[in-house]
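For reference, the structure discussed in these notes is given below.
Here the chain labels run A, B, C and D in written order, and each chain numbers its own residues starting at 1.
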C-alpha cells in the first residue's frame, strides 16, 4: 500500500540534471501539478522526453519558459516557438524523433529490449548516424531504447496500490512511460480505496508506480 | 458495424495449410467454439502459433489429437504428451520459443517492426542459427516477426463494432494476436449493442476484428 | 469554391466505407466535412481515440478528448481509447487504411517531403514519418503551387518524410497517381486544362488518353 | 519436515515486503504458504494477473482466473489483469523483484539448466528463459540431489536456461550463493554437516568462516 504524497514532496526528489519522461500530448494528459511544482522549485538542466513541448505557458511549455530544460527529446515542437527559439540559440539541445519511434524506444527501455527495428525514418535525416539492420530481405533502422530517471505520468484515477486508469486521449504516452523510469511518480485526478478499481480496468499495474500524488484539489 | 456470424461459417473460411494464431494459456482464454468447429470440419495441415497446446482433448489439444496440425510454434508443450509424441515421430514439426519472445515476435508482426532484440535465449539452444545484433555494448538475439493468416481470439465481451474486452487471466495472448493476422476472428462470450462498452474499457479496437462470432449459447 | 474546398471534396470520394482513416491537421481535417452520410468510417487521431466525432457543443467539451491538433472533439458510439503505442502500432502495422496529409513537395518517384524546411521551419515530424511509412494508402492533399512555385517536382529538394511512394496526390488543379513509371495525371480540376496543370508542375506528368474532370463530393 | 518444506520455508525468508514475485509451478509455488502474514507481496503468474490469491473455495472458481499451472486461484484486492506482452515486459524489463524456479542443474558460474533433457524431456521453456534473463533476483529452489546424483556441478551438462548468474540456490541441505569467485556456502540445512554437503555436491564450494544453520519461516 502507498501513502499519497504532496506534489512538493515529489518535486523535491528530482535533482538538477535529471532525465524526465513526461506524459501528455499538447498538454492533454500531462502531469500539470508536478510541472508547476518543478517550476516553483527552480530545478535546472533537465532533460525532457515527451511527445511535444505544448504551448508557451502551458504544460511542458512552462518548463521551457522558465529555463529548467537543457535538452528535449520529442516528436514535435512546432507549436511552441519558445522551444524553437531556444533550439536555434543553442540554449536547448533538441532531438526530434518520429512519434511512433519515440513511443517504441521508451517501451523498449521499459521492457528490457535491445532496441527497435523500424522502417520509419529510412531515407530521411532521422537515419543519420544510426545502425542499419537487415533482416528478412529488408532494411531497418535500429533505434535505441530510452529510459528516464523519473517518469511523471498523469492518470484519471488511482488506488492506493498505485494501479492507474486513464481517460480517452489523456492515455497517450503515459502507460508506456510508466514502464521506463527508475522512479515513477503518478499524478491522479482522484485516488480510491484498494479494490475499487477492478483488475480488468487497470492500465498501469501499481507495482510500476513508486510514488502517488494526492488527488487533485 | 459487423454482423455476428455462426462458428461454422467462420470455420469454413480457414483453408487447409493455414497459419493460425490461437489465444489461450492452457486452454484459459482459448476460442473453444472455433476449435471445435475446425475439428468438426476436418481442416488439415494447419500451423498453430500459441503459447501451448493445452492438454489432450482440451482446447488446442483437440486440434493436435485429431491430426489437423502439421506445425506448432509454442513456448510449452510439456503438459500435452500427444504433442510430444507427434514431435518425436516427426508427424508435427515443433518450434519452441521462449514465452516472452513469442509474444513480442507476434507483436512485432502486428505492429510493423522488423524484429525483436532480446537477451532471452542467448547462450542457449534458442540462439542457434539466429542473427546477433550488437548495440549499446551488449549482444541481443534478433528474433523475427510472426504473423498468421488468421488469428482466433477469445474475448469476454464484444460490441457490434468488434471492440473487445477480456477477463483476468483470459487476456494472455489474445490482445496481441488480434494485431498480427490477415483475418481476425473474435469469439466473445457475449455481444452487446454499440455504445455499451465504454471507450476506456476497450482492449482490442474493433477496427482490428474482421469477423465476430455470435455470443456463446 | 476555393482551392481547399475542392481538394477536401475530391479527397472525400477516396474514403471507403468501414475503414480506419487518419486526417492530418489543417486542410486534411476538412475532408471529414464532405464525407457522404452513408459512408461509415472510423477516424483516428494519432494522440489516441479511434472514432473521433465532431466538435462538441460549447460548454460540453472534455479536456481529455481532443484531436492531434489539440482541438476538442467528441467520440462516436463504438469509439475506443488507445495509448500511443497502440496508435502507432496500428499506423505502422498496416492497420490504418488511409492517411490524408499535407505536402510541401512530391516528386516523380512519388516521394513526399512535408515536415521541414532546413534553416527555416523545424517543427518536428510528429507522426508524419510513421503515417507515410505505414498507412495502406497515403493521400497527399495540398494546393498545387506555393506562391506560384511548383510543389510537384522532379526530385524533392526538401528532406523526405519516408522512402515510400504515396498513393495519390490531390490538388485543386489535378489528381495525380504516382506509379512505377512516374506521375500519371488522372483528373483535372474544375475548369483547368491539362496545359495549365503541366505549366504549374515541374515534374513530368504522364497522360493516358483523355483526362476527365474530377468529381466532387 | 520433508525436504520440500525445508526449502519452501527457507525461500520464504528471502521475500521482501512490497515486492513483485513470480513463483514457478511445483515446489516454488509452496513458498507462498510460508510467507509471514505481515509481509505484503504481489504474486505474479506469467499468464497474467498481478496479485494472485489463494485457491478459491469449492464452487467459487472462475474459469478465467488460474495460475500458470492452470490451477484455480483468486485475486487479492488491488489485483491487476495484464496480457502476455505486459507480463513479460515486467519480467524482462527488470520490474519483477524475484522469481523462484526449480532446477535440474546449477554450475560454478551460477548458470542454471532447468528446461530440457536432450533426447528425453522436451517440454519447452515456457517463461523460464525470460524469467532467468530478466528478474532482479533469481532463486533456484530444488532438492540437493536427483536420485543421489549431484545437481550442483562444475559446469552444466544440460542446455542452459540463460547466460545469467542466479542469485541464490536453496536446497534442503544448503543455501549457496553464486558469486564472481564461485559458489559460496552460506548456510547448512537442519542437522546437515558441511562435509555431507560437500559430498553431495560435485561443484567446488567456498566456505568463509563458520557456516550457520539455515533459519526457517
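Quick note on the criterion: a residue touches a chain if its C-beta (ideal position, glycine included) is under 8 Å from a C-beta of that chain, and two chains touch if they have at least 3 such contacts.
Keep in mind it's a predicted model, so treat the numbers as computed, not measured.
Counting only chains that touch, the fewest steps needed to get from chain B to chain C is 1. Chain B has its Cα centroid 32 Å from the Cα centroid of chain A. Rounded to whole angstrom, the centroid-to-centroid distance between chain B and chain D, based on C-alpha atoms, equals 29 Å.
Between the CA-based centres of chain A and chain D the separation comes to 35 Å, rounded to the whole angstrom. Across the assembly, chain B contributes residues 104, 107, 112-113, 118-119, 166-168, 199-200 that each touch 2 or more other chains.
For chain D, the set of residues that touch two or more other chains comprises 49, 75, 81-82, 88-89, 92, 134.
All chain pairs that touch, listed by label, are A-B, A-C, A-D, B-C, B-D. Every residue of chain B that touches chain C in the complex is listed here, in rising order: 1, 107, 110-113, 159-161, 163, 179-180, 194-195, 199-200, 202, 205-208. Here chain D touches chain B in the complex through residues 45-49, 62-70, 75, 81-85, 87-89, 91-92, 116, 121-130, 133-134, 159-163, going by the rule given at the top. Residue ranges of chain D in contact with chain A, taken from their complex: 20, 40, 42, 44, 49-51, 75, 77-82, 86, 88-90, 92-95, 134.
Contact residues of chain B toward chain A in the complex are 104, 108, 112-119, 131, 133, 135-136, 138, 140, 142, 144-145, 165-168, 199-201.
Those residues of chain B that touch chain D in the complex are listed here as 25-29, 51-52, 74-79, 84, 87, 96, 98-101, 103-104, 107, 118-126, 156, 166-176, 203.
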